Amino acid sequence: MKVAFTSDNIAGASDSVFKAMMEAAQGDAMPYGNDDGTAQVTRMLSELFECEVDAFLVSTGTAANVLSISALTPPWGSVLCHSESHLLNDECTAPEFYTNGARFVGISGADAKMDPDQLKKLVSQKIGDVHSCQPSVVSLSQVTEVGSVYSLDEIRAISDVAKTAGLPVHMDGARFANALLALGCTPAEMTWKAGVDIVSFGATKNGVMAAEAIVVFKQSLENKGISSEQVAKELGYRRKRGGHLHSKMRLLSSQMIAYLTDDLWRTNATHANAMMALLQEGLKAVPGVKINTPAQANMLFCTLPLPMIDHLQAEGFGFYGGRWEEGVIRLVTSFRTPKEGVEAFIKSARQFATK
Amino acid sequence: MKVAFTSDNIAGASDSVFKAMMEAAQGDAMPYGNDDGTAQVTRMLSELFECEVDAFLVSTGTAANVLSISALTPPWGSVLCHSESHLLNDECTAPEFYTNGARFVGISGADAKMDPDQLKKLVSQKIGDVHSCQPSVVSLSQVTEVGSVYSLDEIRAISDVAKTAGLPVHMDGARFANALLALGCTPAEMTWKAGVDIVSFGATKNGVMAAEAIVVFKQSLENKGISSEQVAKELGYRRKRGGHLHSKMRLLSSQMIAYLTDDLWRTNATHANAMMALLQEGLKAVPGVKINTPAQANMLFCTLPLPMIDHLQAEGFGFYGGRWEEGVIRLVTSFRTPKEGVEAFIKSARQFATK
Amino acid sequence: MKVAFTSDNIAGASDSVFKAMMEAAQGDAMPYGNDDGTAQVTRMLSELFECEVDAFLVSTGTAANVLSISALTPPWGSVLCHSESHLLNDECTAPEFYTNGARFVGISGADAKMDPDQLKKLVSQKIGDVHSCQPSVVSLSQVTEVGSVYSLDEIRAISDVAKTAGLPVHMDGARFANALLALGCTPAEMTWKAGVDIVSFGATKNGVMAAEAIVVFKQSLENKGISSEQVAKELGYRRKRGGHLHSKMRLLSSQMIAYLTDDLWRTNATHANAMMALLQEGLKAVPGVKINTPAQANMLFCTLPLPMIDHLQAEGFGFYGGRWEEGVIRLVTSFRTPKEGVEAFIKSARQFATK
Amino acid sequence: MKVAFTSDNIAGASDSVFKAMMEAAQGDAMPYGNDDGTAQVTRMLSELFECEVDAFLVSTGTAANVLSISALTPPWGSVLCHSESHLLNDECTAPEFYTNGARFVGISGADAKMDPDQLKKLVSQKIGDVHSCQPSVVSLSQVTEVGSVYSLDEIRAISDVAKTAGLPVHMDGARFANALLALGCTPAEMTWKAGVDIVSFGATKNGVMAAEAIVVFKQSLENKGISSEQVAKELGYRRKRGGHLHSKMRLLSSQMIAYLTDDLWRTNATHANAMMALLQEGLKAVPGVKINTPAQANMLFCTLPLPMIDHLQAEGFGFYGGRWEEGVIRLVTSFRTPKEGVEAFIKSARQFATK
């Protein structure tokens, strides 16, 4: 049996998600987020995060990230994120577009996690100098782009720097659930309790077709002297002028409700992470395979001998390679990755290595 | 039985559409439009329009409109559209945002159709004068915002002015199918054969949850000396930086395929238009009701005595009022509007008028 | 003797202005507005306007206008100005560029003055509706584009509407001095005392080579709940990112100081207005000449028989024609227009008319 | 005698420059660049550069840089420049603003000169991938931000990479004349003959109050398949919508003419460079002073013992320090720096070091 580890966005949707979408396609509902489902989503997210939130549904992760940030930075601001972040590497110039031309500044740090010391240095440079962009937002990715996961202490180390500088903190949570399960903590602990003010709460990569929520922790923003009412107002207008206000919003709200019901998000991420653990464990034992960054969630970067890569691809396994250093490949598991597929991949690699 | 004529976006999706979505949620598919379905959509649209097209799927009509136009105007261009157009009245400042600050200039004209003479005057003003924005695109809405439909001759009168001025023509086809059936012509006749170069081909208002296609008539653009390859390239980057490139594109492609299969678009629009014809016919006979613009498709603006409006709303009928001149209400039928609902509305209005 | 009435920007600079520039070219001075002269300009403007102001020097009127407005509107705002205003007709798409895509909405009204009733209607439409741009700034031109001047009551009628709606008022004062002398009031009376919050204080058209001041009436803004500190901060960053922060700012400050010294601004505008009064008086008596809008300051639109226009141009007189209705020409006088030139023009017109 | 080495923008203007400005302030001239002087500037620059050029005058270096680049990159482009470049460090977010949100990517390299190998790697990454910004322009600073000067071979190494990738090359020539004299070559050799397509030809830092020319080498662009006519057209509109089209353009053209007359630019830069050579030579001999980057033109970064810095400032010498690593100061000479001042500075430093 062959399986693809190309990305978690190649998998479709969980059964309960498309059933919910199907039901949402029936009957009438008020458009543009005035449907009952959208209000329910906000309530469910408030419950999930154990605090009052504002929520804005959009259909892509790019939109969730750049809209979130655009509501927090002036056009002369600088947004501090890791130099390997999605924002700087995979969203074309959407970040500049939505912020009307803010600067996105890459911070280095091991395992694609920002180094708090370097961040500290940058947030205090040239403050008030009109010749320089002004630090305005800190954005971190959880899971990171190399598959590592910030510990709660690591998040706090970043958010403490931001707090001291009076800056809001955004979390790109495209793989929020996978990270959360890796840490074994609550959504609140991984976000506002650790100093995060706004999160792109991703669902699309974890069992949903297209639904992401911008979740605003109102009190967190207020604690930094930022009006959450103003942020919410801006997000409303910015979402519309970005063309991201769906008329049949129930398409998004129904998916998100299903995702949040009966802990589907948890079940799905648990499976994806478990498959990755199995995969990583198996690969470690294969001669010639080097684990680059230990996978904590559902994504792994490892280095394989080139002939082994050729062999695996010839066998029909799917994954990305040829984009990074020689021999580096990326493997991603999803809520739907079959255990047999993982085992087949390991077996095939092992056989090739030991033949 | 009570029914809502609030908008065609309050209805959900046709059965075949959500079945297609459900199937699309199974298995793996390459992301970002590299799925088989997306290629199929382009083929089906080429067939529908009887010419080679480029197609770009997005999930909102706002995105379809502003992306289309953004690929055709420089930031110092002016986009000429009717002063009552959606672009100028219902999309916040998305038009300015996506065009990086072009000017949207309202042209007047009866029944929300641009007056070709006024257009002619404007397209030749201050050409080459750096102090003035430069005419760059003509955009017309078919169905218009008041429910009228441009005849083929009327479209040609507009596009001839554009052609003489060397300008591309965009059609906002949020209700494309409803207009087409009103005219009883082919998609090709209503578009490129009448001088339209790019169309926002709407499906969301006619039986789909969220799917619109930007359809580029390649030869039409080339005939005006505009590189269709450049336009397609721009649309690719602009869609991504707008956050409108769906990872699980099959969600959109599956809907569009279902919409184009077995003439679903035609069946749905036929029903919606028929219900409007019935509704209009009935209302004409109600004392005190004034038809403002004769409905040719599925939308009607009419003026009712205020007590009649109150009565109908109290009876549970849904529609928009209070936004325009006193007594003006808007009625919209959809692919799903029940005949019994239309009859009940007429009956209720008539009873009130004659009691 | 032949003379040009083409525009007041064809004249150079007053003697004291270029003497001041010459002196400013000597020795060292701190760059970017940290020179003594720049601080002095702010003090002089505070004195002139009898209140505490923030001042930002730029070298073009376009920059002064669009920067002023950009600090007061969000990108989803609408700026209400006359449909014949410079903003809508002569600044390319600078307004949209600097505001990151706000909408500029034309208000009609006789003599290029906004009709307060129409303004009133527009400022209260669709408030809070994300589908619509949101009224954010009112901008009026004093002198207007057709040479008329708002009376103090007329300014107040506009600013009262703005105040009720909570909107700041900007004045495009490219010909500020000419308007002021027409009204015979104080700078304070024509601005903040009449409800104006920020003014583009023009000097370039009245005896200076290139210097305009954005003047912010701090208390006025505060009275509307707008933080003047925030506006000043934004103007600092926006000026820099617009490329309008001069390194050798003393070039601008020296001109503005000379302009404000010994009432040069008043002397120059008095002459320009007097020449226009003479010109208008003379033309009124010429058979066949029609005054379109009575000139109150230094600009006049009038209609002449076409052969008379040809004759005057053949005689060597300079002015703009052929841009408006048939036979309409524009005549502008400046601080340097010679009385003999005015008399020669009238004489030539009269001779042609009566030959 | 005390002297300031703060920057070359603290000096005023050469005598012939302000005399030219004074003359330009007399009489009438057509506005907006339609004066005779502006046409003359283009002719003089064509002669200076020994080829046909288009020239656009603006009043700040920021405007010259960002306008130049904005005409060459789409909003999804990436502009490759040194990570210590002015574009990335001293122009706020003007680069993003004018390019409507392109990405500015820092390239490393010794002495603030881009490393051609790193450039080579970056210009070929992710071409055609909509998820990534697309390399569109290469921009180098001559003199660099640390006072070094690219040799002709070094420029060619950069421009060859750009040429192979089909990218245009921009030169930030804020200190163009100083670099040219350091190399001892012709303007043509340092620009289009070495593969540069467009240059910000700076004059403000070298004896002029406020005048910079964007110089477009038409044939160079055409050779890369870029329409120079399109670039010129864009620059016209972009300058206007940036608010940088001066009405009394003769203020700028007169300065530029004076600058280009009788080799004033050469005389001024010769002096500035000579003073720096003297200064550097003297400082080298002072115990405790470390030259960081050998000055080739008129700017030097060196490291001094902190007490020596305090001493020199207490003595009244002006320069920037405290912005970089501990003890690093920047010294800049200008066309007007007095030899006695340089000698006094050296003497003071030496006395302190040896007391």
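Structure notes:
As written, the chain order gives the labels A, B, C and D, with residue 1 at the start of each chain.
By definition in this document, a contact is a pair of C-beta atoms (placed from the backbone, for glycine too) under 8 Å apart; a residue touches a chain by one contact, two chains touch by 3 or more.
The chain lineup, named per UniProt: A, B, C, D = L-threonine aldolase.
The model shown is predicted, which means the values in this text are computed figures rather than measured ones.
Remark: among chain pairs C-D and A-D, C-D carries the greater number of C-beta contacts. Of all chains, the one whose CA centroid is most distant from that of subunit C (L-threonine aldolase) is A.
When subunit A (L-threonine aldolase) is fitted to subunit B (L-threonine aldolase) on its Cα atoms, the angle of the rotation, on a 0 to 180 scale and to the nearest 5, is 180 degrees.
In terms of their C-alpha centroids, the spacing between subunit C (L-threonine aldolase) and subunit D (L-threonine aldolase) amounts to 34 Å. Here the CA centre of subunit B (L-threonine aldolase) is 51 Å from the CA centre of subunit D (L-threonine aldolase). Between the CA-based centres of subunit A (L-threonine aldolase) and subunit D (L-threonine aldolase) the separation comes to 42 Å, rounded to the whole angstrom.
Shared interface positions of subunit C (L-threonine aldolase), defined as residues touching 2 or more other chains, are 75-76, 91-93, 97, 100-101, 130-131, 237, 240-241, 245.
Across the interface of their complex, subunit C (L-threonine aldolase) is touched by residues 32, 74-76, 100-101, 130-131, 134, 234, 236-241, 245 of subunit A (L-threonine aldolase). If you check the complex, the residues on subunit B (L-threonine aldolase) that touch subunit C (L-threonine aldolase) are 75-77, 89-93, 96-97, 99-104, 130-133. Interface residues of subunit A (L-threonine aldolase) facing subunit B (L-threonine aldolase) in the complex, by the touch rule stated above, are 4, 6-7, 9-13, 17-18, 21-22, 24-31, 58-63, 66-67, 91-94, 97-98, 204-205, 209-210, 237, 240-248, 250-251, 318.
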